[in-house]
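One chain, chain A, links the two complexes that follow: it is found with chain B in the first and with chain C in the second.
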Partner chain A sequence: MKVSFPYMGTTIVYKKLLELLGHEVIMPPKPSQRTINLGVKYSPEFACFPLKVIMGSYIEALEAGAEVLVTSGGHGPCRAGFYEQVHRRILEEKGHTVDFIVFNSMFRDFKQFYSNIKKLKDKNSWLKVIKSLWLVYLMINKLDILEKEVQRIRAYEVKRGETTKVWESIQKDFDTVRNKVQVMAAYDKGRKRLADIKTYEVKEDRKLRIGIVGEIYVVMEASINMKMEELLGNMGAEVERSQYLSQWVAYNALPSFINKTHEVDIIKAGEPFIPINIGGHAKQTVGHIADYGERGFDGVIHLMPFGCLPELVSQSIIPKISQQYDIPVLTLSIDEQTGTANNLTRVEAFIDLIRGKRMKKIS
Partner chain B sequence: MKEFFLGIDVGSVSTNIVLIDKEGEVFYSAYTRTNGQPLESVKKGIKELHKAFPKDGRIRGVGSTGSGRQLIGTMVGADVIKNEITAHATATAHVVPDVKTIFEIGGQDSKIIIIENQMVVDFAMNTVCAAGTGSFLDHQSERLGIPIEEFGDLALTAERDVRIAGRCTVFAESDMIAKQQFGFSKAEIIKGLCEALVRNYINNLGRGKKLEAPFVFQGGVAANKGIKSAFEKEINHEVIIPKHHNIMGAIGAAILAREYVEESNCPTKFRGFEATDLSFEPSAFECGGCSNKCEVIKVEMEKQVVAMWGDRCGKWANSL
Partner chain C sequence: MKIGIPRSLLYFYYYPLWKIYFEELGIEVVTTPDTSKEIIDLGVKNSVPELCVPVKAYIGHFIKLLDMGVDYIYAPRFVSILKGQYFCPKFMGLPDMIRHSFDGVEDKMLIPMIHAQNDNIAEYKNFKFMEERFGVSPKANKLALGKAEKVWLEFRNSSLRGHTAQEAADMILNKPENHITATNRNPVKIGVLGYVYNLYDPYISMDLVKKLQSMDVSIKTFEMMEEKDLNKQLKKMSKNLFWTFSDKLLAAGYSFYEDEEIDGVIHVTAFGCGPDSMLGKLLEIDSTNYAKPFMTIRVDEHSGENHLQTRIEAFVDMIKRKKMKTRRGA
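== the complex of A and B ==
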């Protein structure tokens, strides 16, 4: 069957898994203005922004011939839980017939998880499935290590744009791997290429570290968040995201006795501020800010999709956390107008603020 | 020989040009309407400045700020191109060194900046809601048939308080009409409008922030006494209005240029007064490289491409 999935972050890993299982993968195009326009046009006006972009992404995937859409479900009381139903309805009204396979955390509904896996498993043996899963998990981990390096080096590159180019070509290398040996080879090559990038020498006390937190889709998908990581990198700041795929997988798919993920601690760190589960990533957002504060980061950019209730709640608590941990936080609302000069001005001013805090003056 | 630093603030409504000396004193300033043509208004402004420029003077540094900072900075050859928040804060901290809260209300936008020990620690900008900016007042003054310049003084003569719903311009308008029918005077209505604007501003931008004295109020709207007194009533404290309240952004840009030049010891990139006669052509084209279809801005000077921006992937900006 021809399968596709929502475009988010390092998409080659989903592609790889589906390919290993023998499916024909339709790569959804990277979200562009057209994707957003389509999504906005066909989604309910008051839907949150990620729902709209993913809507547009699905339409483009179907245009390219996809028959089945694989996606992850959301937890809890926010709208993420309804995504699939809303998307399915809208697509049906538009006259598309499409199947959805929705993965939730396997601990919440194992039966569903199992039947989904069976659908994707097709005629493959279980051994093959497990091997494929394992290979992809390895890939995710290696890619995340490289990406973290990218986010650090970019701040100091001599030739602007070089790190991003290298990162793109590393992903292409990973796209062709079929087994563990090749994964490791691609990884080693990637490490070497990153190490070869010419960088400026910057003294430790002049380095800036900024964390990016917020709802997962707008944090992970660069094409809709003004390429925040690149933007900050070009301004000379090292960046870390609150979400990485490897963490997500570890948290949602590994049994708890080996699940010693950072995410568990993060959620605990967020608990004093948001004690109950209000859905989305609000708890992670506040937990990560506290964590960045404790780790001595210089600032945090909080990305909030327009229309997102959980992040609205976290936004209202941020001043308190920001004060408690003495860490500046800039909240940006992400919607179809995000690329505007005004948001750029905010980010620039925020970097000045952080630099000023370091040097004890305004500029 | 006298040394000067030039600051240019190009906003959507006004273009301000100032000259400061080494001590940071304003030597010259001009305030013109941008009228949607930032290049023309700056060229004109610089020509005027040239006429007033002392024979033995020398420009040692140039800073630009405002929404047109990139374009204008490229044209004049700015040493520093800075965002409005930093520029405003720099200027304010220069005139009121212990300032803690800056209220800035311009024609199309407004900001709040929180300062501690001369450092910006928090800020917010309102760029979407007209109800918190000068255009709200412009609009209502037109409706009431009272010139905006008289607004402030008239507000101070009001005898009674009237609360006008100011959440958004549309509501404010219908509420204003209703209150007029109840028999409130124009002065009272205007006072109510000023208070509505301030309430809106504080609710929008001040949320979650600690507002502490000294308060400084600047921007075009700061000339309005009605708004000043509405602020003082709302926060229950005196509000300082700097002498050059409507050109603070440009002053800040000039100060930043001075700091930069003094620290780096670099000669200025200023292209000179004559550069306004060079051909300077910005143009926009739609890139067809992918489905983003970015509108890319290309700036040519004497047929040479000097700057490009607006491309999401950086393929044009990085090509220079």
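== the complex of A and C ==
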């Protein structure tokens, strides 16, 4: 099967999993202006931005010869659960024939989940599947550890852009691994390379730390959020994201009674503000801001797609949390408008303000 | 004791129930006047810009109520009125948006969770909060709820007989009827798809329904459809939308497409409405397959109504001309 998937974050891990199972993977190209244009052209005007970008990605993947698209589903209340239905209809309308394999929660409909797994499993033995899953999970974990390091170092690099370059080549190294030993080797090599990057010495009380929260797609996919992490890093701020793939996997794969991941605490922190799950990542967003506030971060950037339903609720509540935890929050809503100057100015002003606040504290 | 209910969102679907229920318990019910420029402005000033206009209107009505001297404001949290389905996230988080935006309002708000098996929300557990909060006896509570439910069912039946939710509510609550009867000289029937809180809010929809009726058009809306007919349509889809009212709209849309009596479909949606962005696209794609005229009207907090008048006139004229042509056999 020629398989493809939506482009989000460190895509090599999905690619690796499918490759290990013996599928031919058509890598969707990194979202570019063309991707966005294609997506916008065929998607409903008021659909949220991730739907449009993914639409564009699918079209590009199909052009490259993909036959099957693997994606996640959902049952609301956020729109993301219905993406695949709309995508399917639009692609049909456009004259493409394509199969979707949609993963809904296995706790809700295990039969369908199982049949999907079986489709992907193909002729592999279950042992092979479990081994592959385990290897990919290890890879995700190691990559996330390295990425967190990248987000820290980037703020202090001497040669601008070096960290990003190293990070890209680390991902390339990981792309070639086939077994556990190679994963560990790639990981050790990556650690060493990151440690070799020359950095400025910055006093502990001068360090700025910014959290990025919001809707998972715009937080994770750098090519559509103006490379927010790089941008903040270049301005001299350490960055932490609310979403990492390893956390997401751990949180979603475990049934609730043995789920002891950090995400559970985060959701608890969001409870006073939004007592029930209202879909998407609204509760996590709120919880993460509270968490960053408690951990003494200097500011939070809140990213959301234009018109995102759950994030609008969290955006409405943010002024209160920001006040309660004394942490500045900047909300940026992301859409297909590609003029970055205005958001850039806002982020710069935000960083200036935070730095000013920090200086006041020191003196 | 006075309880205030904002004249917005699901007020237009559940007001008969709420009014009778509270009045049976000896509580005075206060509602805000029709949405006005002033109320919308209040809402716009006190909310996040990207919210849709009905939610902004709700916030405006809410603030208005605070000034009207009520003791409590009934602001239920709608979660689900069908198993496995939900409301739009904005509905589910609405009480949170409000209570965290204004200081000191939380004590005044009554925020019961609404969970029900179907759109009849008169289930005991949804109204138990009155016992916990105000010491209403269970017996009196059940009695009031029973009466209220009966009235609400009458209201729904009246809709099923072909009245819009607004006309039905007026009739049930004995208000003078302001229904414009179509003279049926040139019968055009249009299916109007839209949420009750957009369609029947005279400010938001700019009285679209009455505008159509005054053009000799008879209309059909989702609340006039039998539940089982809607479900029949939904069964055909491989996966439903998971918002109940959106599902109803989509099903009504497909029934309108199949219904030979219906000459065209108008979809009224609010700028930035998430569920509608999906269902609107599906209906748009299919309108060509069924060869039915389909028009989207997108409303927001702006109040210029000339464009709307022109567009619906053009739409209706087009349909009339098309019908005339077929009659002549051209």
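To be clear about the criterion, the second predicted complex is superposed on the first by the 352 of 363 C-alpha atoms of A that agree within 3 Å, B and C clash if a C-alpha of one lies under 4 Å from a C-alpha of the other, contacts with A are read in each partner's own complex, and residues count from 1 in each chain.
As a convention for this text, contacts are C-beta pairs under 8 Å (C-beta built on N, C-alpha and C of every residue); 3 or more make two chains touch, one makes a residue touch a chain.
The structure displayed is predicted, hence computed values, not measured ones.
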Looking at A:P319 after the superposition, I want to know if it touches chain B, chain C, both of them or none. Which is it: first, second, both, neither? both
Taking the superposition on A as described, I'd like to know which of chain B and chain C A:I274 touches: first, second, both or neither. second
Output check: A:Q85 vs chain B and chain C. Expected answer is one of first, second, both, neither. What do you get? second
Chain A contact check, chain B vs chain C, more residues touched by chain C
If we overlay the two complexes on their shared chain A, which of chain B and chain C does A:E201 touch? Say first, second, both or neither. neither
Touch test for A:A47: chain B only (first), chain C only (second), both, or neither? second
Just chain B (first), just chain C (second), both, or neither: which does A:P29 touch? first
Would you check which partner chain A:T345 touches, where first means chain B only, second means chain C only, and both and neither mean what they say? first
Show me the chain A residues, by the header's touch rule, that chain B contacts in one structure and chain C contacts in the other. 316, 319
Which of the residues in chain C end up touching chain A in this complex? 47-48, 50-51, 77, 79, 84-90, 92-94, 96-97, 100-101, 113, 238-239, 241-243, 271-278, 280-282, 285
Which of the residues in chain B end up touching chain A in this complex? 67, 82-86, 89-90, 93, 117-123, 125, 127, 208-209, 256, 259, 290-293, 312, 314, 318
Please output the residues of chain A touching chain B within their complex, sorted ascending. 29-30, 32-35, 160-161, 164, 223, 227, 230, 316, 318-319, 328, 339, 341-342, 345-346, 348-349, 352-353, 356-357, 360-363
Footprint of chain C on chain A - complex, ascending: 43-48, 75-79, 81-82, 85-86, 89-90, 93, 273-276, 278-280, 282, 306-310, 312-317, 319-320, 333
